[in-house]
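The following blocks contain the structures, represented as structure tokens.
In what follows, chain A forms one complex with chain B and a second complex with chain C.
Let's turn to the complex of A and B:
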């Protein structure tokens, strides 16, 4: 079943926001790296949230700034990997 | 099977007398060979370097990867620090291996990983290896994780007997590393990155020593703080990070520890040095 982008955006934003309680203004385009929000604990948790919720398996090759720079980039990763899995 | 240490111990003539006081002190003297030293460094250049690298793509780099690399470069420069005590002798390590503490997501507890050949790897290679191993540990399906799961089931009485036996062998004999669990004995240095969100500003930190004799030095990074300093008579805001080091007086003296810590500090303050590879 194809994922709905709006739903994935809401899920990812909610998850990341829950892990960054001291950053109330978190938005889809917030730069997690520049803001210093993305540490190893959050990154690994986000990866496993994606794996458990969407059934997408991610590897070390996906741990790049392009995929985790912002909640929006994480959503792009989910959508692209989901589409690739269905193709 | 690997032999982490060189085959011959350091001859007595090469061990300073002051270190030998500690090395050969009787148990009854209750000697404490632990030295702890703390400093801080200006982190603006390091944070900008990491941001620039992360903008460029590749693998996500963090302060933990920078600390591993900086410690590896310092150990390459001062090989006398890359040693451990075995019995009443000192042996140097063949390789530069660094242990890093991390939160094991699957087991929900702290675990350690060993990154070897740190002086020969770029910071990007170190980061890629760390991320790969963090993911492997979080999935809990690696060989080491199966071994750890078995260890957790050992009753306290037998766990203690195992630790006593293993500790006796490790303390007194030149041993090879034979299993996935004792590979940690291949590194003399351990690093902790405690700069993550939620940590308080650190003023002092005495890292514990892991329960094996290889853990000779420890470097711990604390969280970023902002300081107001004077530059050319004008107040300027700079970001600083605390850096703590624990070392063993049986192996080194305070002046050597200070020199080593200054080298790590200089590297972190001038992060372009992290990219220098040994020839």
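Let's turn to the complex of A and C:
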């Protein structure tokens, strides 16, 4: 079943927001790196969430600043990997 | 406490790679009596050799000498500054950190590194425990009233060799770590502790003056501090590039900066194996990698060794209380000795002792104890804890249960107390429990280690008790707000009652059984 982008956006935003309680204004385009919100443990947990929830497997080429800069970049990654897995 | 901001700017001198014999005339490490002076002599001899390389450029030993001297002169010029004064460093790994570290020692001060990302409650406990006289912090963490300190104009060659008075037995730094009660303990390391441990490591590891180590371990951590000492005292180069968070940047930085070595805690190697594309990136300059700060799974260690060959992989073992490394497993023994932490480093004694401090027969598990010139002076203002850890015979009880084999290799079997290693940090469950219990008076909290996404993390059980109401969402929010990421529980459950042992203590083993596997 194809993923609904709106649902993935809501999921990712909710998870990242739950880990950044001191940043109430978190939005899809918040720069997680510039704001210093992403650390290695949050990264590990986001990857774990993505892999468990959407049944996709990430590789080394995905775990870089380009795909984790913002919640919307993470959503893009989930959508593209999920589509690739379906194809 | 006054706050100081260092404004040293960049190093404009062109760095020039010096040959290893550029250390000629530097007194041998075993003759050094003061860590600051040992740095001074190496820095003077290495001059234009790069001490630190970053994405922006190089910082030479000459620059580092001027920067450290700037700190020393400033501290000595203060009428309220006396030998033994504590200088807290709230700086991330940077040329400024290194300069502040050795500058403080050259002024006869005591360095207290403070982790930049520590929770406020813990930071307050540490500050109250050691009452630093001066804080050196970056601009964004310093208050309005902070004074700024500029680089002296004098060239490195014109700086007179200072004459610090503190010697091998005097306190050089206070390293705060978690103790067996959960409260922070200040490990007191002397000049001699740090100098002798650096000497032991340089004996057993192939670190030369031409080394270019990729350094991502924080210097405020015992392992990171040890890496700093061994490289500076050999006049080698440290590369600050890449990010632990994005593992692929590690092999990339090694290749780009022609790094010869890399050291990290087990969690980093776990990420490196999963997402670091290790084995894809060619790293012809690499000579070795090392791991310490927790146990790396044997199959992962063997796989890493295969992927980085012909470079070597060293498994090491240490403790803050031993400044910091105690054992090394020679790379050629890795595959044959599954789970071994290695043999004692040169100059260090390791032994498995029973409760009366008698050596146990080989193969029997008991307390792993260490003795040597690298073992700490004791815990800061805590005689009871010092007595508990350090016997009169000089044996340091590590808190790890271990056994040895016929060839003198040691194997960790477990912990004698509740301390847990997470991301290389020693954490007592009480550190988490006390935060939760403070936020929900009357509730009883129990934190336990659990496996999550292939790593050790924490689970939390809370029993409200009596009228106190505890809400799961509120619990989560408190943990997120008041704990640093590595202490935040990944699993939380509210229980009516906590299971008790026959001795009416919380039955941690029974709680552990409730945990989801993962």
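Just so it is clear, the second predicted complex is superposed on the first by the 87 of 87 C-alpha atoms of A that agree within 3 Å, B and C clash if a C-alpha of one lies under 4 Å from a C-alpha of the other, contacts with A are read in each partner's own complex, and residues count from 1 in each chain.
Here is the rule we go by: contacts are C-beta pairs under 8 Å (C-beta built on N, C-alpha and C of every residue); 3 or more make two chains touch, one makes a residue touch a chain.
Note that the structure is predicted; figures quoted are calculated from it, not measured.
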Touched partner set for A:18, first chain B, second chain C, both or neither: second
Which of chain B and chain C A:59 touches, first, second, both or neither: both
Shared contact residues on chain A - chain B and chain C: 20, 22, 38-41, 43-45, 47-48, 58-60, 63-65, 68
Residues on chain C engaged by chain A in the complex (per definition of touch): 117, 244-249, 267, 271, 274-277, 280, 423, 452-453, 455, 476-477, 480-481, 485-486, 488, 490
Touching residues (chain side chain A, partner chain C) in the complex: 18-22, 38-45, 47-48, 58-65, 68
Interface residues, chain A side, partner chain B - complex: 20, 22, 33-34, 36-41, 43-45, 47-48, 58-60, 63-66, 68-69
Residues of chain B defined as touching chain A within the complex: 47, 51, 54-55, 57-60, 62, 64, 102-103, 105, 128, 130-132, 134-135, 138, 196-197, 224
